[in-house]
Amino acid sequence: MIDKRVISFKEAVADIPDDAVVMIGGFGSSGIPLKLIEALRQHGATGLTIISNNAGVAEEGIASLLRDGLVRKIVCSFPRSAGSIWFEKRFEEGSVELELVPQGTLSERIRIAGAGIGGFLTPTGYGTKLAEGKETRVIDGKGYVLELPLPADFALIRAESGDPWGNLIYNTAGRNFNPMMASAASITIAEVNSIVAVGDLNPEHIVTPGIFVDRLVAEEMHHAQA
Amino acid sequence: MIDKRVISFKEAVADIPDDAVVMIGGFGSSGIPLKLIEALRQHGATGLTIISNNAGVAEEGIASLLRDGLVRKIVCSFPRSAGSIWFEKRFEEGSVELELVPQGTLSERIRIAGAGIGGFLTPTGYGTKLAEGKETRVIDGKGYVLELPLPADFALIRAESGDPWGNLIYNTAGRNFNPMMASAASITIAEVNSIVAVGDLNPEHIVTPGIFVDRLVAEEMHHAQA
Amino acid sequence: MLRLNPEQMAERVAKDIPDGAYVNLGIGMPTKVANYVSGDKLVIYHSENGILAVGPAPAPGEENPNLINAGKQYVTLLPGGCYFDNAESFAIMRGGHLDIAVLGAFQVSARGDLANWATNNDKYPPAVGGAMDLAVGARKLFVVMKHTDREGEPKILEQCTYPLTGTGVVQRIFTDLAVIDVTPDGLQVVELFGSNTFDEVQALTGARLLPPA
Amino acid sequence: MLRLNPEQMAERVAKDIPDGAYVNLGIGMPTKVANYVSGDKLVIYHSENGILAVGPAPAPGEENPNLINAGKQYVTLLPGGCYFDNAESFAIMRGGHLDIAVLGAFQVSARGDLANWATNNDKYPPAVGGAMDLAVGARKLFVVMKHTDREGEPKILEQCTYPLTGTGVVQRIFTDLAVIDVTPDGLQVVELFGSNTFDEVQALTGARLLPPA
């Protein structure tokens, strides 16, 4: 018997402790688990390390976690979008630490954390400030930086639809970081629009195999049963 | 204007030179570009290095290339299946060199060749004969082997269906090595059952984006026009 | 002495597969384990070539040549299953996502080293497949093998004499005589089949065993 | 002197995008290039967040909040396009599969170093996105930028003074004054706009230029 459905967003994040490392899917406004983030904000765990491509805009998503002072560190490729006022404020006052990672290095570090790989050599960032302090090497005349895996305690991800086994499909560019993050956390929690029956997703079309997903929560389910 | 269709299997492989490094998709009997391999055999390029999970059985596929003496070296995880008589014969007589690679290392070395990554650290094979002569390191008490990319001059792959832009979908477990190989060769040639119009494949379901594919050839096309 | 036959060995392994587990079964005897997992458990089988939720063999005439398992046998897919490429399949294996892998072995050492891919016969061409990835990647690695080889020599040894598949990777050994755990203290016998005695099993083992508690 | 406006600069870059090319356009001025690519060419645009064959902006009311480009603008997908995750998207970028990337820049050096992600203002929080991956990965890297900055200081220099995005990565620079190639011999002027003279352009450049052949 495998049923990964959880009854509410609140319950889905209830065991995230203070100082947890939490990955959050999304790129810009696309593919963000906004309801899980809001549940995490209300849950109130502090000292969080957030791994995400962006740092949120206005009062929404990761920005709300920064505003409420729940974030100690953010690992991110592009924290400063138009409207990232809370990140900018927390950064300026020195209350949040930033680890800036080139985007492709960020997604690959997450991927290898899920794939059991101990590191990879990337040409990205070689010879730049973002490679400072990192091991480098030159192979066949080309410079590479050694990058290490980036795992997390929890991943909060967003998909279009899932089944009780945790198989997921996405909506257009909403995939972005979500499939890699699903594989790279000890506990992966997926927010979906709808949950379908096991077997209803075409096996050729499943993007994230259920083995990567621990909990699944849908909007309707929440509304119907909360 | 993008149209990657080629009129025949023969034409698709006509420029593969002697001593080329050729990747061939497939696992066991599944997802093998048999018609492209037969065209390559008839084309007759010699001194080939073949990268593939298996070495063929009976007189078919890679076994036929070994039989005809076209192969100098094979890079492979499992060359010896029941019926791999031609591989066994060529290996025994010392006329073909074998580079044995654990299967997950093989697929990841192919993947990173397509992804512009210079190497990766894998725990697979650490402390074994297959790591001999390779750079190793211990991180947090766990041993890793440094593995390097495995690119090719040509990839011969097999998919279920494709469009003139080279977008591909597969049949069940026929994916196996084909998507990674598509990304890792200078020239990727796909054998498909059918070619559909651009736009007929659902963009959510495409497994191999057309950017990785250079030539596409279908059985019907071959029969209709040869 | 009671020596289980291969079917009984598979049945014994099956008892240790919990409900809801994600499991990879190696080629040969390990594949039989699925036949003995109780019907009230849902176990999801992974196949290294790129399948999750492998189902039973297809009916004659229903075979899809693309849909095979790692042993190159025709299979089906259960509802809820899916396909992926080989790199993702091995990310699942190497990344610690499988609860249990069951493999056969030539030899296992006292500290859990596994030798199951090659003998010392250099003329015979070697083949490794996915064994090394499974060995390092599965959360628990079960070995199922006869306690001794065809010549009656022990297969559980202080040190493997055949080339290793992985070092310190085996958690539990199921033989035809006993079940033995690899622990930090040594090889712990956890079950003796029938009326087999500890001393009888120790006599057929090339490493020191710890008696059942 | 003739100074092209941003629309004219985008139009000039568009002339150098060949039919059938796979292209990534950076945020800002580079994005405008698509507006000027001739309708008889088929160019496939890649977006780093995971799209191939990005189409035009959707009609009002037709926006899908998930379907955005790297600049976070709503887009559509052309028939023949597809989606993939970020790791695969960057495999495309870093793996040399894109024919051309067009990026803006703060500075470019005589040997093709690119600085386009940070200034030396440490108080302002930095952001890098996918610029470094594109810089190392695209087969050809075009830079489009004004020849001088707001203070009239040259942006083409012997050495960049801002933090680098990549070293030796730029092939061609399109400014409002000229088109300049980075070659092993140095910065080769290949086109002077209008009646701009080599000496005029050299005077606004912080590195030695080679005159057009």
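Letters are used for the chains, namely A, B, C and D, taken in the order the chains are written, and counting of residues starts over at 1 for each.
Throughout what follows, a residue touches a chain if its C-beta (ideal position, glycine included) is under 8 Å from a C-beta of that chain, and two chains touch if they have at least 3 such contacts.
A quick note: this is a predicted structure, and the numbers were derived from the prediction, not measured.
*Asks:* Suppose you hop from chain A to any chain it touches, then on again the same way; how many hops at least until you reach chain B?
*Replies:* Graph distance in the chain contact network comes out at 1.
*Asks:* Any idea how many Å lie between the Cα centroids of chain B and chain D?
*Replies:* 35
*Asks:* Could you grab the centroid distance between chain A and chain D? Build each centroid from C-alpha atoms only and quote it in angstrom.
*Replies:* 29
*Asks:* Give the residues of chain B that touch two or more other chains, as numbers and ranges in rising order.
*Replies:* 108, 111, 115-117, 122-123, 170, 172, 203-204
*Asks:* What positions in chain C touch 2 or more of the other chains?
*Replies:* In chain C, 77, 83-84, 90, 93-94, 136-137 touch at least two other chains.
*Asks:* According to the definition already given, which pairs of chains are in contact?
*Replies:* A-B, A-C, A-D, B-C, B-D
*Asks:* Quick check: in the complex, which residue numbers of chain C touch chain B?
*Replies:* Answer in residue numbers: 47-51, 64-68, 72, 77, 83-87, 89-90, 93-94, 118, 123, 125-133, 136-137, 163-167.
*Asks:* Please name which positions on chain A make contact with chain B in the complex.
*Replies:* Against chain B, the touching part of chain A is residues 108, 112, 115-123, 139, 142, 144, 148, 169-170, 172, 202-205.
*Asks:* Give every residue of chain C touching chain A within the complex, in rising order.
*Replies:* 19-20, 22, 42, 44, 46, 52, 77, 79-84, 88, 90-98, 136-137
*Asks:* Any idea which chain A residues touch chain C in the complex?
*Replies:* So the residues of chain A touching chain C come out as 1-2, 111, 113-117, 163, 165, 167, 183, 198-199, 201, 203-204, 206, 209-212.
*Asks:* Tell me, which parts of chain A touch chain D in their complex?
*Replies:* 27-31, 53, 77-81, 87-88, 91-92, 98, 100-105, 107-108, 110-111, 122-130, 143, 170-180, 207
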